[in-house]
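Okay, got some structures for you below.
Both complexes below contain chain A, partnered by chain B and then by chain C.
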Partner chain A sequence: MSKLRLTPVLYIVFLMVPIYWLLTMSLKTNAEILGGFSLWPKDPTLANFRTILTDASWYSGYINSTIYVVLNTIISITVALPAAYAFSRYRFLGDKHLFFWLLSNRMAPPAVFVLPFFQLYSSIGLFDTHIAVALAHCLFNVPLAVWILEGFMSGVPKEIDETAQIDGYSFPAFFTRIFMPLIASGIGVAAFFCFMFSWVELLIARTLTSVDAKPIAAVMTRTVSASGLDWGVLAAAGVLTIVPGAIVIWFVRNHIAKGFALGRV
Partner chain B sequence: MALELQSVSKNVDGETHISDVSVRCNPGEFNVLLGPTLAGKTSLLRLMAGLDEPSAGRIMMAGQDVTGLPVRKRDVAFVYQQFINYPGFSVFDNIASPLKIAKISKDEIAARVEKVADLLGLTPFLQRKPLELSGGQQQRVALGRALAREAELVLLDEPLANLDYKLREELRAELPKLFQNTGSMVVYATSEPEEALLLGGQVIVLHEGQVQQAGATLEVYNSPASLQAAMTFADPPLNVLPAIKSDAAEVKSLDGDLTLKVNGNASAVAEGAKCTVGFRPHQLGLARTSECEVELKGRVTLTEITGSESFIHVEAVGERWTALAHGIHAPEVGAEVSLFLDPETAFVFAGGAGNG
Partner chain C sequence: MQRTKNQKAWFLVLPVFLLVAFSAIIPLMTVVNYSVQDSFGNNEFFWVGSEWFVEVLNSDRLHDAFGRQLMFSGIILAIEIPLGIWIALKMPKKGWAVSVCLVLMALPLLIPWNVVGTIWQIFAREDIGLLGHTLAALGVDYNYTQDTLSAWITVIVMDVWHWTSLVVLLCYAGLSSIPDAYYQAAKIDGASKWAVFRHIQLPKMKRVLTIAVLLRFMDSFMIYTEPFVVTGGGPGNATTFLSIDLVKMAIGQFDVGPAAAFSIVYFLVVLLVSWVFYTVVTASDAEDQS
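Now for the complex of A and B:
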């Protein structure tokens, strides 16, 4: 093998080591994990996965996470589509400043917003609901979705909008029948990013929930019991947490580079 | 069903794009909107379409004021210079799209699209997506949408400018015929005087947002009303000579070296007033063709040979002019040549020469 091909192979191996380790741990018993160093499970078991899929305190974490992530993705895209269209097609007072300010929301660490969100949602009775987390995540995801979609929309010539007007399309008909299919990959990429950020975000999700809407990441950090950590089950939970992201990324794999460039390729 | 613009103006961000334009287009007419780039052709077409609203003035359609009427309520078709089609729709659906919105029956749509596709040679491609076609075919799809619609007003904004030479020639010859049978008013914007002559019909000469002259194309070409109109409707550029009217039938160049007997052509200019003599390259020859021609001496600066004709750029009487000679002539740069001009065919405009 030439040196040129060796380098990426080494890099990928290096990247995969922790994921591989997680996977092997999830298939080992606690005794084997703590017993010594082994490269692969000597006695593979699915018991850890069985625990998660049968114990409500575990699998409800996945359900809660999925609910607020999907809610958030839907809200973010629904709100961002018209906003991005306005930024891409119209000029209005302060449009450029507003566009930049939107992005600057992403620059503040989530910890800054935890306290106000917690107090606000507690006082209006939204605490420990799925919609609370979904709305809180909009703070980060709507600006991002607007940025991505604006890039894709600006790649569609304005003349297409006008041709549709001339042809007699009403605005909603034009937007749904002509325009949205043209930026379908942009919508996919924006939805993916919303999904991803919402899925991996821990701080806000954990602070705004206690029991009913507890996300999986929070469940994972609260599994320290008197008898110590249940390593195998934790590892299995980790594996299951990676799966949704992997599935979603599979669908947008061809558009993701354009998405990172905010559609301006 | 005539379209009438009544002292229409359009200002954008304090800049005047269209200034006090009054134009009338009649049904079934082929109107050519001629003007250099930035003359306001596209702005004017957009106003006619209703895509933009005028800052002042009224737009009348068949005697009705349609100034503020949104474009989707009007009966217009618009073809852009860029090839604009719906990328997600097949060619058939692209051409049919305005008909579907107008709730025309399926059979009628199919019949109309077929007819248009046949006219434009698009029949084999009806099921393809526009981006799978060549540029010329894409523009035909856009034209097809305009044709099938059978709109009262068809606006074409330099539709052939992005096509290659051969296709342009073909489509240019077809265009007036295509729209002739529909009874639509056509407004065709172009920056090329030659194209305006080839298309015929009516011409509206536009310069810096103002209409210089409007009328039958050949008439405007043969008797431009102003120096600006003559300069806009000239390719290669009009030859100009600043002069003074010295006599009822004579003008003199400013330095007095050249006297031209222009006879009646200068009737609009007061005696002793400044004026500008303009003539086209084909009026300035290298060989004498008639008795009344004046002979001038000029120095060659450049020669352009197109094959059947040669354009010889010369410096004469302190001006830069272009002369036309048939066949291939290639005088050396710097050589002195004799030029012949029939002053009675030259245009004489009041006032000094423009900056053009």
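Now for the complex of A and C:
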């Protein structure tokens, strides 16, 4: 049915070539990378991946990143759900200003917040903990989640709320048993975006951690200079950071555009 | 949707309000506090009023970084928006190819930003990178660590690689909401391809395009990690954008006062743009509902 078209194919090739290059490098030994130029690994080896998966200073980076990303996603969605419902159903004092203020935090440059975050979390004794990074990432993820969820919720007719009320459902029962299943795809998309933006962020995560909660992205930048450059291991670490995104994206592929449009397509 | 007035809704919003206030208002107060004081260490602070603001607003350093930033954002918008629209128009309409295209295109968006930087840093190196090696073999004078033009091209191509898919996905979503009947009507009228684009597809994409332009503008305006990993702001200061300059000032040199004043100016610019964004989007929301 669908014939291949030149433009998307060329564009995808353009996207894939640098990723392919990272992948081939991760399968080469350091000697082969620096020794000569070849388009594919002559003698593919998994040694680089083995290094990462057996060395605690490497793999703990992935564990730390995963912990704060999951924490952040749970916190963001939990607080954003009732708020998004309020914004989509009710008018209240200062609602428009509040909504704009939330949005402006999504637009705030992380660089502005780096130093004050460092001081704030140090002073309350949360420096170098997973929860500190998770809370700090709420700055841009909560507004995003509220906005995406509000977009999806506004698509649900209000009659459903009223019918449930007449049927004798209490608000919490209605919300969890009827309303949430109706916007399940919206929740999925919002969770995906929280996951994604927390996963790709480095500046704040790096500033708020030193040892115990150091994210993989920071491990990568700091290990580079330690024992000379081990390009193969660096490339393998890069490949492993792409994997989680590649997995979750498959589940939301049909909704991802709507999410990027903040629930407004 | 008709929304009812209910002040109790504040209780539903309260957790979000407290959480975001904790991560936004307290740090911002710290910044404001620093921006009007000077310190000689020992936690002793002196009131200096607007001195830092005057200094920062008159400094060539900020002007240069601001100029580079505007140029960067302008260039990437001029490339990514038309390219994204064009690719979205050429996307397959149905079948398995759609899913494959969407997933592959979205992949760069999910790569951690420092890894994006690492990928391009490796890819563009003359000794071990495919791009750098190929260019050198072709005899092109290209070295992103030494040459300003090469550094700029690398950073821009990297951003196009990283974010054009966002524009494609948004436009694709806008296009797929157009009913087939529109195209059939256009065919009967004998409308040219351009006329179909101008009068059917472009108006339908207006809303998503507004979002795309503003998201891209804002995210490129605060770009930090990717160019920092690739060029470190160099050669010289050639690719030192606003965020890179700010972090250098605040963490590197620990010039807290000027850095705080810089932050506030920077934040106000972003706030102004966000306000425009918000007004445009809510206005078009209202237009759609009427």
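By our rule, the second predicted complex is superposed on the first by the 257 of 265 C-alpha atoms of A that agree within 3 Å, B and C clash if a C-alpha of one lies under 4 Å from a C-alpha of the other, contacts with A are read in each partner's own complex, and residues count from 1 in each chain.
Just so it is clear, a residue touches a chain if its C-beta (ideal position, glycine included) is under 8 Å from a C-beta of that chain, and two chains touch if they have at least 3 such contacts.
Worth saying up front: this structure is predicted, and the values here are computed from it rather than measured.
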Fit or clash between chain C and chain B when superposed on chain A: fit
Partner chain in contact with A:Ile63 - chain B first, chain C second, else both or neither: neither
Which of chain B and chain C A:Ile178 touches, first, second, both or neither: first
Partner chain in contact with A:Ala31 - chain B first, chain C second, else both or neither: neither
Touching partner for A:Ile74 - first (chain B), second (chain C), both, neither: neither
Chain B versus chain C as contact partner of A:Gln165, first or second or both or neither: first
Touched partner set for A:Arg253, first chain B, second chain C, both or neither: second
Which superposed partner A:Leu53 touches (first chain B, second chain C, both, neither): neither
Partner contacting more residues of chain A (chain B vs chain C): C
Lowest inter-chain C-alpha distance for chain C and chain B in the superposed arrangement, angstrom: 9
Where chain A meets both chain C and chain B, residue numbers: none
In the complex, chain B residues that touch chain A: 49, 51, 70-72, 76-78, 80, 82, 84-89, 97-98, 101-102, 145, 149
Of all residues in chain A, those that touch chain C in their complex: 1-8, 11-12, 14-19, 21-22, 25, 33-34, 37, 39, 75, 78-80, 82-83, 85-93, 95, 98, 100-105, 107-117, 119-120, 135-136, 138-139, 142-143, 146, 154, 158, 196, 199-203, 207, 216-217, 220-221, 231, 234-235, 238, 241-242, 245-246, 248-250, 253-254, 256-258, 260-262, 264-265
In the complex, chain A residues that touch chain B: 157, 159-160, 162-170, 173, 178, 181-182
Residues of chain C touching chain A in the complex: 1-10, 12-13, 15-17, 19-20, 22-24, 26-28, 30-31, 86-87, 90-99, 101-115, 118-120, 122-123, 127-131, 133, 161, 164-166, 168-170, 172-174, 177, 207-208, 211, 215, 218, 221-222, 224-225, 229, 242-244, 246-247, 250-251, 256, 259-260, 263, 266-267, 270-271, 273-275, 277-278, 281, 285
